[in-house]
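In the two complexes below, subunit A is the common chain; its partner is subunit B in one and subunit C in the other.
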Partner chain A sequence: MSSLQIDTLAYGSRLRQLPPEHKLLFAIALLLITYAAQVPVQLAIAGWISIWTMVYAGIPASVYLRLLSITIAFWLTSLPALIVNGIDLSHLSSVQADVWQGFTWGNYYVYLSYRGVQQAGELGARAIASTACLYFVILTVPFTEILSVLRRIGCPALLIELMMMMYRFIFVLLQTANQLWTAQQSRGGYRTRKLWMKSLGLLIGQLLQRTLKNYRQISLTLNSRGFTGDFRVCHSRQYQPSRRYSFEALFGCTLLVMLTGWHYVVGI
Partner chain B sequence: MLLEFEKVNYTYPTSPQPALQSLTLRIPRGKRCALLGHNGCGKTTLFLLANGLYKPQGGAVHWQGSPMRYDRHSLMDLRQKVGLVFQDPEQQLVASTVEEDISYGLCNLGLPEPEVNQRVEKAITTFNLSELAACPVHHLSLGQKKRVSLADVMVLQPELLLLDEPTAYLDQRHTRDLMTKLRQIHEMGTTIVMATHDLDLAYCWADWIFILDHGTLVLEGTPQDVFAQRSLLESLQLGVPLVFDVLDQVAEALSKNSEQAEYQVTHSIPEQLRNRILDVFRYS
Partner chain C sequence: MKTRHRNWVSLVLMAGLSGYIVLGSATPAQAMHIAEGFLPVQWAIFWWMVSLPFFWLGLRSLTRITKQNPELKLLLALAGAFTFVLSALKIPSVTGSCSHPTGTGLGAILFGPAVMSVLGGLVLLFQAVLLAHGGLTTLGANLFSMAIVGPFVAFGIYRLVLRTGQQSVAIFVAAALADLLTYVTTSVQLALAFPAASGGVMGAFIKFAGIFAVTQVPLAIAEGLLTVLVWNWLQSYGREELETLKLLKQEN
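Presenting the complex of A and B:
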């Protein structure tokens, strides 16, 4: 899944006409609730935002689940460290309550811990819920719109110009690298391990050279197009706030906040 | 005369040979000019000088009769009146969406936003970009990028349009679309100069031809006059458009085959017929 494809999906999403501020606010609100809430609420958030992404925005489930599986894979790799504990046989009695399953290995007792399982569950729910919120943003709000929101809320212009240029030229760079890589491969540049290293070195060197050349050309173009020192563009896009989506978002968020609050009260 | 180069010299700092040497070239107002020559003959350098991006190291460039000035304000003014479309659209498109990219030059002129939006919208309809307006630039095909880069420049309503190999990498269909667009632009009163390698295209489209070699102007004139100088063009290894080649071959075949009854008198293609055939291949 390359960044280009993600970008294409964001441009084609069915929630495109909603104002980007609404979508960003919604995702941020859910993210904040995720940090405060307990596991059931977090799972509810993950499920709810996934419906927004897959059903309302029309992002293909295969793509979305594949993206989500990256997070799950990271979570799985951290499981052993969380769940498996080892302890000296002599101290076994002190952790007896925490042992779920275990066996003796030499002088040690290796076991799966109740607390570890619980922690892993909490971590998993929180990780999945918060990445689902982030995926909602990157899959429904094109990067250029995020930038224009940042500009409106008063982010420094220099920072935004830099991000804008990077966003434009990262694709040129990727394409150049890709072309070089293909050209090298078609001439057998990556056949052996030694050649592989040599070709990669060439590729990186060439990429630097071409970047410099590109930089010179870009400054010519910018001048030719009347660059005055600050980078300004306009657009005429019209957004349509949707009553139905706003209502669902507000209602859902209120419910989640109430559930979280209730959890705390009951917990005390 | 719209733009004049008087004995202009320019040498790149890294190159031993001058890119332009004592080049004198005058671009007449209202014409469709083609600039022909080999790679590295100085076409692109000429364009960069015409846009005030480079300063001549010797000689002078005149815009509408007065020498070009290189202060910030004059350059801004010049670059609005002289539009330059670069060969590689990848370099020209700097903003992230088509619409924003077209607005870039207008925003630089400091126009108010409603006017910018109105002119951008008009350019988008003129260049059939409505479906791509909100599209990010990196999603476009090369042909579409070329179209956007032309719209970028034309939205500023320049008096002189410079095109650096506009048909490079374009297929037949896109080339044809481009030529139609250029015809409309010319009819609106814009002078156009196109650098190209395509002799047939130059013959068919241009009404004034410049031939550059090693940074100097070797020949200029109407297409008929220029391409009649076959031996000079052959010595520059440029050749002539296909239609001239075909006519010359036919004439040669006729002169060898003198027994044929119909052409016994002339042994070649009659002058009038030749001119008529040549005219058919020109665009009107």
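Presenting the complex of A and C:
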């Protein structure tokens, strides 16, 4: 809990030297194609971008797949709601065409719907493809670089400053929370459910107190150094665009756009 | 042949169900973030359109406050980071697994709902980027349920129940209802996007709400209790801190 794994991996990825704009544009383009495309193209996108993340960027497959399982778990949770349907026995004839499998339960007929299965399939493909695009961004572009891109495209200054400071404080507070957690556990906290709630309540209260102590200390520091209301940071990182990666990205995107267009024309 | 076919189907169903239960219980119940890519284009855009005005209004009032008092930027950022860390903690849940508190109730009571609509949005962004919970296209929908409905409901109810003079009750009800309404809103969002073949949006809502109730109702109660514990502690040991936080609400 004290360190955020995704963040660490993003700083150490093998695609770090590529300009962040390129990676963001690539992922956004793929995301747009995902939303316009049909299932086969979406699956192709998911596979292709997973290769970028796991092979080119060198993100461990175990971590990547574990992250993907979050989305898959959400999909599985909503699966019953999508495909199981219930209807009053008297109205059964109206949905006969939609019934795949079913049984009678009291006055109701509970069935798996064709439309639901189809919908769930389409949803799954789209969710996995777009999640893979998002993960490519968060696993290869460190947050500070996303911020500098946002600053350049004209995001409100206050928002950028808040995000910059939040990003810093999240790690400070996570560490504090972790230390509190360890201290409580070593003194017998969190043993039973009731104790757990009590310990957690103490932890949150303490954390808030320390957060505000932090606030007072930092504002004193800033004032003593002539704070005028702006936070400025310097960025001096050199990026190297890579011809090979740009070519593959462009070529692949063109191919996917053509495939999607072809699907629309043929009407599959 | 017919019975054979039937056996096959029931076997597949059984395998599917057990796989579902095993996978579903292995992953800790997340707070109700709609995952990336879950909403169809039109709904994703719709919820962005609904949420952005709130976010923008919140941001405008924050800009005004911080112009007068630049130090408050720090306090805001720390409050945001605090909310993020809160949502990364684990609370025990009835099903044996752990879930995460949403922190919207406590945040709204401590920092005020208008501030929370901006901070909540940023927290959601950080959750998507650093924890891979939620997503960018669904950020609009999540923003609406967690950073707008949750905090405003929490704050409104807190104020309402506070009139009776029962502060602990007010805190509990506010935090628990904020959680519950967040989850109801998410179910509505999913139901609108995926209406059932029979029963339409209402049917789909009942199904989604029923499924998520299993994890979300105990979570809401747990979070309500937790918030009361935190508040009691702050009342007795953190008076000074609560005074500092009034800065954010007064100038709102």
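FYI, the second predicted complex is superposed on the first by the 255 of 268 C-alpha atoms of A that agree within 3 Å, B and C clash if a C-alpha of one lies under 4 Å from a C-alpha of the other, contacts with A are read in each partner's own complex, and residues count from 1 in each chain.
Definition applied: contacts are C-beta pairs under 8 Å (C-beta built on N, C-alpha and C of every residue); 3 or more make two chains touch, one makes a residue touch a chain.
Quantities reported herein were computed from a predicted structural model and do not represent experimental measurements.
The superposed arrangement places subunit B and subunit C next to each other on subunit A without a clash. In the superposition on chain A, A:263 makes contact with neither subunit B nor subunit C. Contacts of A:127 after superposition: subunit C is touched, whereas subunit B is not reached.
Once chain A of one complex is fitted onto chain A of the other, the partner contacts of A:22 are absent, as it touches neither subunit B nor subunit C. When the two structures are aligned on the shared chain, A:225 is found in touch with subunit B, with no touch to subunit C.
Rounded to the nearest 10, the superposed model shows the Cα centres of subunit B and subunit C diverging by 90 degrees about the centre of subunit A. With both structures placed on the common chain, the touch criterion links A:236 to subunit B but leaves subunit C unconnected. Between subunit B and subunit C, C touches the greater number of residues of subunit A. Using the contact criterion defined above for the overlaid structures, shared-chain residue A:151 touches neither subunit B nor subunit C, since it reaches no partner.
With chain A fitted onto itself, subunit B and subunit C come no nearer than 11 Å, counting C-alpha atoms only.
Shared interface residues of subunit A (contacting subunit B in one complex, subunit C in the other): 4, 7, 143, 164-165, 167-168, 172, 214, 218, 222-223, 227-228, 231.
Contact residues of subunit B toward subunit A in the complex are 48, 51, 53, 76, 79-80, 84, 86, 88, 90-97, 99-101, 103-110, 113, 116-117, 120-121, 134-139, 152. Within the complex, the subunit A residues that touch subunit C are 1, 4, 6-7, 31, 34-35, 67, 69-82, 84-87, 91, 94-95, 98, 101, 113, 115-116, 119, 123, 126-131, 134-135, 138, 143, 146, 156, 158-159, 161-170, 172-174, 177, 193, 196-198, 200-205, 207-209, 211-212, 214-216, 218-219, 222-223, 227-231.
Subunit A meets subunit B in the complex at residues 4, 7-8, 11, 142-144, 147, 164-165, 167-168, 171-172, 214, 217-218, 220-228, 231-237. Residues of subunit C that touch subunit A in their complex: 9, 13, 20, 23-24, 27, 30, 33-38, 41, 59, 62-63, 66-67, 70-71, 73-82, 84-86, 88-89, 91-92, 106, 110, 118, 122, 125-126, 128-133, 135-137, 190, 194, 196-199, 203-204, 207-208, 210-212, 222, 225-226, 229-230, 232-234, 237-238, 241, 244-245.
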